[in-house]
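The two complexes that follow have chain A in common; it is paired with chain B in the first and with chain C in the second.
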Partner chain A sequence: MPSWIDACATDDIEEEDVIRFDHDGAVFAIYRSPDDRFYCTDGLCTHEKVSLADGLVMDEIIECPKHNARFDYRTGEAKAAPVCVNLRTYATKIENGRVLIELMGAQ
Partner chain B sequence: MVMSAGKRDYDLLGPSAQHAVDAGLTAAEWYHSEISRKEMKALMRRSDQPAIRDTVIWLGCMLLFAAFGILLWPGLWSVPFWLAYGVLYGSAADSRWHECSHGTAFRTRWMNDWVYQIASFMMMRNPVSWRWSHTRHHTDTLIVGRDPEIVAMRPPAMRRIILNLFGVVDAWQAMGNMLRNASGRLNPQEATYVPQSEHARLIFVARIWTIIYAATLALALWLGSILPLMVIGLPRLYGAWHHVMTGVLQHAGLADNVLDHRLNSRTVHMNPVSRFIYWNMNYHIEHHMFPMVPYHQLPALHAAIKHDLPPASTGIWQAYSEVLPVLRRQLRHENWFLKQSLPETARPYRPEFHGQVEPAMAAQ
Partner chain C sequence: MTQHRGMVIVGAGECGARAAFALRENGYSGPIDVLGEEEHRPYERPPLSKGRPGGAVPLKEIATQAQWDSAEISLSLGTKVTEVDRADRVVRLADGRIMHYDKLLFATGARARRLPLATTAPVATLRTMSDAQHISSIAVPGSHVAIIGAGLIGLELAARLRAGDVDVTIIEVSSAALGRAVPPELAARLVQRHRNEGVRFEFDAEITAITDRTIALLDGSQFTADLIVAAIGAEPETGLAEQAGLEVRNGITVNVTLATSDQNIFAAGDCCNFPSPRTGAPVRLESWRNALDQGEHAAANMLGASREYQKTPWFWSEQYDLTLQVAGLPQPGRPFVRREPGSGATLLFQFDDDGRLVSASGLGPSGSVAKEIRIAEMLIERGARPDPRLLADAQSNLKKLLRTG
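For the complex of A and B:
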C-alpha cells in the first residue's frame, strides 16, 4: 500500500529548478522539469553527500554544486564523474496543487 | 580544527592524511558567502557562446603562430611566434583543462569533453587521473596530506616552483607517469583518488599519448630537427611560465588546514590578456566557494559577494609583493602564513573552526 507524503506546493519550485525536502531524518530533492513535470530523488549527492538542492538543473540533469557531478533526475542515473553510484528515485503525484512523494517504493 | 604545528607531510599516504581525517578536516562543510538562490541560478547558467568565441581565438591563434614559427624556422624571427604559441599551449591549456574538468565552460557536454581532452594532452595531465585529483583538491583544499594539488608547500618548494616556470619538474614527472600508466600501472598516490572502475580508461589514454609522443620524437629524429617537438611537447616547457606565475598566487602563503576559502585562497585583479589566458581563475576565492559558476560569470560573482571577501590584490605584481616575503619567511618558519583581513561588511571567520588560526601563534 503506497503511502504518499505531502512534500510541497507546486508553486514552491520554479520551472527547471529543485528544492530540498527533509522528512523523517532523510533528505530529498524535488525537481520541476522544463516541461512542468515533478520528480523526486535522494537529496544528497552519492559522491560526498552534498545537498543537490543547491545545484543546477539543466533539462533532465541535476549537477551537484560541489564537484559538478551529474545525474539524470528522472531515473537517478549517474552520468559523469565523479559519481559512479546512482541516486534513488521516488514516485511523485500532484493533488490540489501539492506535490506528493511515495517513499516506500524507491527505485 | 587547527592541526598541531609540526613538520608537514604532503604524502597522500603519510601521517598528515590520517591526522586530517581524525581532525574532521576531510569532506567537511566549508564556509559560503550568502547569495540568493535566484542570483546564484543566474550566475550558474551555462552558455556555449563565450567559450566557443574564446576557443576559436585560442586555437586559431595557436595555428597562426605555429604556422609563422614553422615558416620562419630556424631564424631568429620565429622566436616571438614560438613564445606566443608556447604560452597558449603550456599556459592557456591549463585553464581550459581546469574549466572543462568542471564541465562549466560550455553548456554542451561534448564541447566540454573535447576541449578537456585537447587541453589535458597539451598539459600532459591524464584526463582521467587529473579529473579525480582536482575533485579531491576541491573537497579538501589545502588540507595537508589530502590535497594532491598543493603547489607552494611549507616550507615552500622554491626550487621546484622556479624549475616549473619552464615545466621541468612537472613535465618530467608527467612523462614518467604516462609511461607507468601506459604499462598498465598506477602510482600508489593516484590509486587513492582514482576509483578502480576508471583505471582501464586511464591506462588507455596513456597508451594513446605514448604513441603520439613516440611518433613526434621519431619524426624529429627522421628530419634531424627539433621542429616537430617545438609544436608538440616542448611548448609544455617553454610556455609554462604564465600558468605557474598565475597559479602560484591561488593559495601560496595563505592558511592551510582550514575550512574557509577566504583564508586559503586569493583573488587578484589582472590585466585582460592574463585573464584570457587564465580564463578568469584570478577570481579564485569565488571559484572555490562556488565551483558551479562558469569562468565568464566570475566577475559578476565577485561583484555580488566582494563585501564578504578579503580585498582582492590589485595586480599580479602587488600580489607577489605580498606573497614573496611570506614564502621567504616560511623557509625558516613553516607555520607562518598570511591571514587575509576581512572588510567590516564581511561575516567573521568562524571562531569554532578558525579561532586559533593566527600566524603569530602558529609561527612560535
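For the complex of A and C:
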C-alpha cells in the first residue's frame, strides 16, 4: 500500500534548492524547482552514499557535492560520470503548505 | 600478423580508466587497450583514506569486469610497458607483446615519494592497494603509527587511524601542516582538531636517522612506533616518457590540449604538467577530480577535438566529521575575504589584481561548504569578478552571482 508521508513545509525549501529528509532509517532529498514544483529522490548519491542535499541544484539537475555526479531530479536519471545508476524517485503532492511524499509499501 | 592501430592507454588508475570509457562515449569504435602494472582491476585510491579502520581494506572498483567487457575495452593487468617507440608508434611490453597505436595516452600517475634518507628500516607508504593492506595489517587498535609528513594523505590517514583507536604521531619538517595547498588558518584548525582527537604533532622536526622502528630527530628526541609511514608527497611516473624523448619537467609537459610535443601522444592526470587556465603557469595536480577531468578531456582530443583544458583545480578531504574543499589554487601571501555561513563553517576567498576570484577554500562539518565552494568554482572558471562584500555577507545568496556573472 502506498502511503503519503509529511516531509516538510513548502517554505522550508528555497526555489532551485534541495533539503534532506530522514524517515524511518532512509534518507531522501526533496527539491523545489525553478518553476516552483516539488520533487523527491533518494537522498544519497548512488556512487558513494554522499548526501545530495549538500549538492547544488541548477535548473533540473542535482549535482553530488563530492564527485560531481549529476542527476535529473525529476526523473532520477544519472547524467554524467562517475555514476551510471539512476536515483529512485518518489511522487510528491502539496497539501496545506506541506510537501508530502509517496512511499510505496513503507511502514 | 598485421594489427589495426588503436588507442593505447598506459596506466590503469582513475585517469586511464575514465579516458578509456570516454573514448567509447565519444563514439570511438576501434580497439582500446588499457595497460596497468598492478594486478587489481582499476580502483579508487588511496584505499585506506576511505575505508573502515581495523577491518579489511575495501577495494572500490571503478568499473566491474562486465562493464569493461561491454565497453569492449581490453584491460591488461600486471602488465609492464618496457618501451614506447614513437617512430614506429608501437608500445613494447615486458611479456613480449607489441601494440600499435594511433594515439597514446600516458596516464601513469604518480608514486609515493621515498624518504631522502639512507635507511634499511621498513618505512611504509600509502598509495596502492597493497600499501593499504600492509598498513591495515599492522595498525591494529592500541598500536602506534608514526606518520612522516603533515600533508593531506598524512592527515587523512591519521584521522582514519584514530577512528580505529591507533596511537598517532605526525612528524613534519616544516612549521605547519598542508604546505601551500590550503590557507594557513584552515590548516591550523585541522591540526587543532587532530590534537583534540589525540594526535601528537612534531613540527620543525628534522629526521636524522631511522633505525628499525625508531625515528631520531635532530633535536635528540626519538619516537618508536609499530609502523612508520612516509606521507611526503608523490612523484610523477615519467620514466617511459623520458625514455621516449618527450619533455619532462615535474611531470610530462603537455600543452593546453593535453598533447605532448608528439601530436600522437597525450598525457593526463597526476603524471602531466600542464598550463594553468588563464595564467598559463605550469602546474601538476594530484587529485581525484583532475585525474577524471583530464582523462575525459584527453580522450576527446585523442579523437581530434583539440579543446583547451580549462577546468578549475578542486579537491575534497574528509577528516573526522570535517570536510575541507578547495577550488582554484590558494596563493600564499594574498589576503582572504572571509565568509562565515554558520554551523562552524568558514570560507576564504582570494582575488587577483584584476578583481577576479582565483581561489575559494572552505572547512566545515560534513558537506556544509560544498554548495558555496561549487558556486565559487564556477565563478573562478568564468573569470568572474564578484563583489567581495557580497561574498563576505553570510546572508547573501551566492547563487545569484552565477546569474549576473
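The rule is simple: the second predicted complex is superposed on the first by the 103 of 107 C-alpha atoms of A that agree within 3 Å, B and C clash if a C-alpha of one lies under 4 Å from a C-alpha of the other, contacts with A are read in each partner's own complex, and residues count from 1 in each chain.
Everything that follows uses one rule, which is that a contact is a pair of C-beta atoms (placed from the backbone, for glycine too) under 8 Å apart; a residue touches a chain by one contact, two chains touch by 3 or more.
Values in this document were obtained by computation on a predicted structure and should not be read as measured data.
Taken together in the superposed arrangement on chain A, chain B and chain C clash. By the touch criterion defined above, A:L56 lies against chain B and chain C together after alignment on the C-alpha atoms of chain A. Judged by the touch definition given at the top, the superposed model places A:K66 against both chain B and chain C.
Shared interface residues of chain A, touching chain B in one complex and chain C in the other, are 54-56, 63, 65-68, 81-82.
Remark: chain A residues 17, 48-49, 54-56, 58, 63, 65-68, 70, 80-82, 84 touch chain B in the complex.
Taken together, the chain B residues at the contact with chain A in this complex read 27, 40-41, 44-46, 102-104, 107, 109, 131-132, 135, 138-139, 195, 197-198, 290-292. Chain A meets chain C in the complex at residues 14, 16, 50-51, 53-56, 63, 65-68, 81-82.
Those residues of chain C that touch chain A in the complex are listed here as 18, 21-22, 62, 288-289, 292, 296, 316, 366-368, 370-371, 374-375, 397, 399.
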